[in-house]
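Letters are used for the chains, namely A, B, C and D, taken in the order the chains are written, and counting of residues starts over at 1 for each.
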Amino acid sequence: MAIRRGRGVAAINYPTGMNLGGDPTQALVHSTPTGNFMVTLSSVDLGQGMKQIMAQICAETIGVPSDRVVVDTADTDTGPHCMGTFASRGTHRAGNAVIQAAREARQVMLEVAAEELEVNASDLETDGQGNILVKGAPQKSISIFDVALSAHFKRGRSISGRGMFLIPRSYPEKETGAMKPSTCYAHACTVAEVEVDDETGEVTVLTVKNIFEIGRALNPKMVEQQLIGGSWMGISHALYETTEPYYPNRDHGGTDFNQYLMPGPGDLAQTEIIVLERPSADGPYGAKGPGEMCANPQIPAVANAVFDAVGVRIDTLPITPERILRALKAQAPN
Amino acid sequence: MAKVPVQFTLNGAEKAEFIDSGTTLLNALRDKIGDTSPKGGCHQGTCGACSVIIDGELRLSCLTLAETCNGAAITTTSGLSEGGVLHPLQRAFLDAFATQCGFCTSGMIMAAKVLLDHTPNPSRDEVVEALSGNICRCTGYEPIIQAVLTAARSNSQNAA
Amino acid sequence: MELRKSYFADQRKDDLHEIGQPRPRSDSPGHVTGKTAYFADRNFPGMLHLKMVRSPHHHARIRSIDTSEAEKHPGVVKVLTAKDVPHNVYTILILIQIGPEDETVLADGKVRWKGEAVVAVLAETERAAQEAAARVKVDYEVLPAVFDMEEALKPGAPIVNEYHGRNYYLYDSGECRKVRFGDVEAGFAGADHVLEQTYQSSPIEHAPTETTGCIVAPEGNDRFTCYTNTQAMFFTLDNASIILQMPGNKLHFVGGTVGGGFGGKVDVIVEPIAILGAKLTGRPVSFIYSREEEMQISSPRAAEKVVIKDGVMKDGRIVARKVTGYTDAGAYSRHSPYGAQKGAGHYPGPYTIPNVWIDTYCVYTNRTPSSAMRGFGVTIGDFALEVQMDKLARLIGMDPLEFRFINAYRDGDMKAHRQPTEGAALIECMQEASRTANWPVAEKFMAMSSYAKGA
Amino acid sequence: MALALQTFSTVKDANAALKAAGTRYLGGGTLVVRAANEGDVSVSSLIRSTEPALSAITVSGGKVRIGASVTMAAIARHPDLASLAHAARAVGGPAIRNMATVGGNLFAPAPYGDFTVALLALDATVNIDDGELPIETFLAKRESNHAIITAVGFTFPADGFRFLKVSRIKPKGVSVLSIAAVLEQAPDGTVSSARIALGCMADRPMRATAAEKALLGRTLTSDGIAPTLAAAGDGTSPVTDPIASAWYRNEVLPVHLGRLLLG
């Protein structure tokens, strides 16, 4: 018996947003009488944290702490249109829509503050803590709480805004394929280290070192969540997952979590994640979509590492112990 | 259809209901009693999202018939926080960013609670073993393992 | 996780109040206390349960359907067949003008995959619905099935889907989406080595812990509220409106809190039939996939086949790349025509190659209809591309990481689909990988930058 | 017919109730309730018994009796059954082990039923209300069994009980295969008796009789066990399921058996 070790690398890029564009998202933002802000959307939170990220984007743009923003989403009677949560588009598309809506609301807020402070709105700035200050004279200020009260009860203004983000649809040219699939791309490079048992074909992923470039980590802890989970899913795709394990025989597909295989908590690779940020030109605060691409580079990196370990290429996913063992046996006479 | 009485305590409160014989505890809790913290992810016993604690033991409520729980003390995740103060495990899951979609979370917390009740200072391997019947598709498990280890440490610090 | 702030620092503003801050998630307290409300956490008095009778055959003609015993079964309130669905033949991308309509809500005359929905049973309890479903009699005439994409594309193969009339999706560019850039044959002719390899994948299930489903409640005013875990609210509402021939203002969708999606919940698959059930019975209806249905009936990630032919020089330059990609849509389109052509925009990967030829096909077979999944149209392509890169590097005796530096795209490089590269960062990722993984590469590669060639 | 549960205080009464059509005995629920949840409408009445003996473990004079309702968790934590603990822990995750019973495990189809593999190697007897039968006899026709299993009994080997479960998912995954062995060795180290049981190498746990025979008189060394490994696959007819194919199971059986014997 021999446990053989190998390592492999892969580098990838990934488009943000629906292929070829044409996928709108809209947002509404308004203040309550006491200066809290509501973001209304119809975007869906699948668990990636859409609500929290939209709150932070709105808060940054308005100039309040994010806990003063409430995100109300996914009720079609109230929320404006969103194409949906897919294609790594949520943060990018909805985030841009929220920024536009929040900017419009912020402008009204500053106009009301300007009237209260008897200055020009263009001379005002926010401190991010819930106050509006005169640039260069911060002792002259008003709280957003008071501005909202004034807008509602004294000045008859609606501190609100509408946001819309649409990348115009690109139609591929028939013969050349000239097209614009996406406006920005995330990047990754992964190095995986594996051990392969050459008598059983079993693979243990020892380490994965993932470098992800995601434009901007809007909330680093939430980015980390997605990247760790994605890296796990990539390894799972590489080595375990299939609904038809013996295709072209279509029988024997797993129907439960015992028989549809995914790595368990005792199968985890030691996972290192490093994030680079090259802000995208059109992303909200430079963000790109990290949610999908983070599960891609592990697959070829593991495949290449298996080859490095035992010298057989498994070019069909998943790279099961059976496929490795068959390849090793086919290679054996040489 | 034959209705049968069931009576047990749920998170310390007495509950009594008439249910259809053969109803799973999961359905009784969710549909009759209104505690939706246990989730039905598979109804096969393969995902752990429905985990509850019955008389101190971790059980799958989807495979347990409610009428076999007469007289039992049942704990669910919705009953863990007291007076609005989160249980140390709940706090640790928050702080470790150990929830994404949240669907597995309450089952994970149940499994972790039984572990810490019996093994206040578990090793990583013991945590892994304790969570092994619970599926998470979002997190890759590591943040959950870290949350349980952190909760154990904070427990032992409080006890010291 | 570590943020490496030294890269691209000149392009970034790091002194923001909320952006870049690790704020706690506002939804986590609900998750850890079990209070977060998912669609199935709602319960309505008098709610009916919907169970689907499914095809046991991969491909068959339906001679007859007999629902009489099921209708008489105790607890059964309604049994639905194709004739009950107002606009039974649909396709979800029709909303963005990608047709034709090619899928039935409930099978009409034919089934095209094992598991296809044929009859819907609505009953007072799940058990009654299951019992009645077992009493539905469907008489099938089994037809030859085709499971392999190459077989399906051969002349004389059984036609899977008559709405297409051929076993591939017909793009405006023909049988495949094409990209043509430079002269790929000249590139191969001038290359030191040519390597052609084939890569394949199996369907993959999203396997979210929460299965696909919805609960529909009549509002009493001819409107219906649908509590759903769809990933796309209006997309689902608007498709339901078409299928049910109901004005959209009669539909109210509530969702947005989903127990995992990964692309598996963008098919409009449970909502229309559940709304129809609620409309025809006046009762709330619950239609939630069992775990078995989630694993084997819901759309998986497509099986793919990717053939890559490369011409490479001894010095490491890839001079020509031809990619032929096949996406197995299964029996119906769903999102696959889109996913297949996403590959055309993605190949030849993040590398600058002067001669490129890409064909991507969307093929119909009698397998389970596939659809979007995390990395749609790209994940399997990246597996193929990056294993191919490893093989090419070994073929010319070069370090695999250095080989990628030589070919990596940089700002301003023209891509095969004729967009100039912007915002590239592949080189920096690889430089950091070299450092982090202790995988040394030549100094000249560590001195490179994505900003511009030669910089 | 809706599903209903009937509870009886004695096994005798429960056995009587089981004679009706559409009935099935409910143990821990991991097989039976699951089937009902998944739409198996052939069972409309679940029968169980709360007779205390069903939940008792007795160990005396090397004889072990485990009531059929005893859970895997109860076995795993029983101080007198420490050498069996890892076989009991091979079943499911913690919640399943608090529910799954010895009696139920006897009926679990491959790739389940790992504990029964251990019982087979231990040469257990399977007790019903009015008698007992050897586990091999029981397993051969378990589908036709309609009597409630009350207990399993076996003689505890002094030592030499070995158990291995191979699964792709850790720490809890269902079996690629499982192997249990009870070996006795003479003072010179040669094997004087051997019982080897295999899981997933047929549709139910089976004895590896050819391998057992080949081990007699041999030492537990690479050379000594070579004939045993060569014979390991004799008579097997492994299942193909999502975990592994029959081909793969046959290929790796000798590898894992060798590791168990040498480990």
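Miscellaneous remarks
Basically, contacts are C-beta pairs under 8 Å (C-beta built on N, C-alpha and C of every residue); 3 or more make two chains touch, one makes a residue touch a chain.
Because the structure is a prediction, the values reported are computed rather than measured.
The chains that touch chain A as well as chain C are B, D. The chain with its CA mean position farthest from that of chain A is D.
Here the spacing of chain C and chain D, counted between their Cα centres, is 42 Å. Chain centres here are Cα means. That of chain B falls 29 Å from that of chain D.
If each chain is reduced to the centroid of its CA atoms, chain B and chain C end up 33 Å from each other.
Chain C has residues 25, 27, 125, 207, 258-260, 262, 290-292 in contact with two or more other chains. With touch defined as above, residues shared between interfaces to two or more other chains in chain B number as follows: 20, 42-44, 46-47, 97, 100-103, 125, 128-129, 132, 135, 137-138. Multi-chain contact residues, meaning those touching two or more other chains, occur in chain D at positions 2-3, 36, 38, 171-172.
Taken as a contact graph, with one node per protein chain and an edge wherever two chains touch, the assembly is complete, since every chain touches every other chain.
Remark: chain D residues 111, 168-174, 240-245, 247-248, 251-252, 255-256, 259 touch chain A in the complex.
Those residues of chain D that touch chain C in the complex are listed here as 1-3, 36, 38-39, 41.
Listing the residues of chain C that touch chain D in their complex gives 51, 125, 127-128, 130-131, 133-134, 290, 292. Interface of chain C with chain A (complex): residues 1-5, 7-8, 11-12, 16-23, 25-27, 58, 96, 114, 147-148, 172-174, 177-181, 197-205, 207, 230-235, 237, 251-263, 265-266, 291-292, 295-296, 300, 303, 338, 341-342, 344-346, 349-350, 358, 367-368, 372, 374-380, 382-387, 389-391, 400-401, 404, 408-409, 416-419, 422-426, 428-430, 432-433, 436-437, 439, 450. Per the touch definition, chain C reaches chain B in the complex via residues 24-25, 27-38, 40-41, 43, 125, 206-211, 258-260, 262, 290-291.
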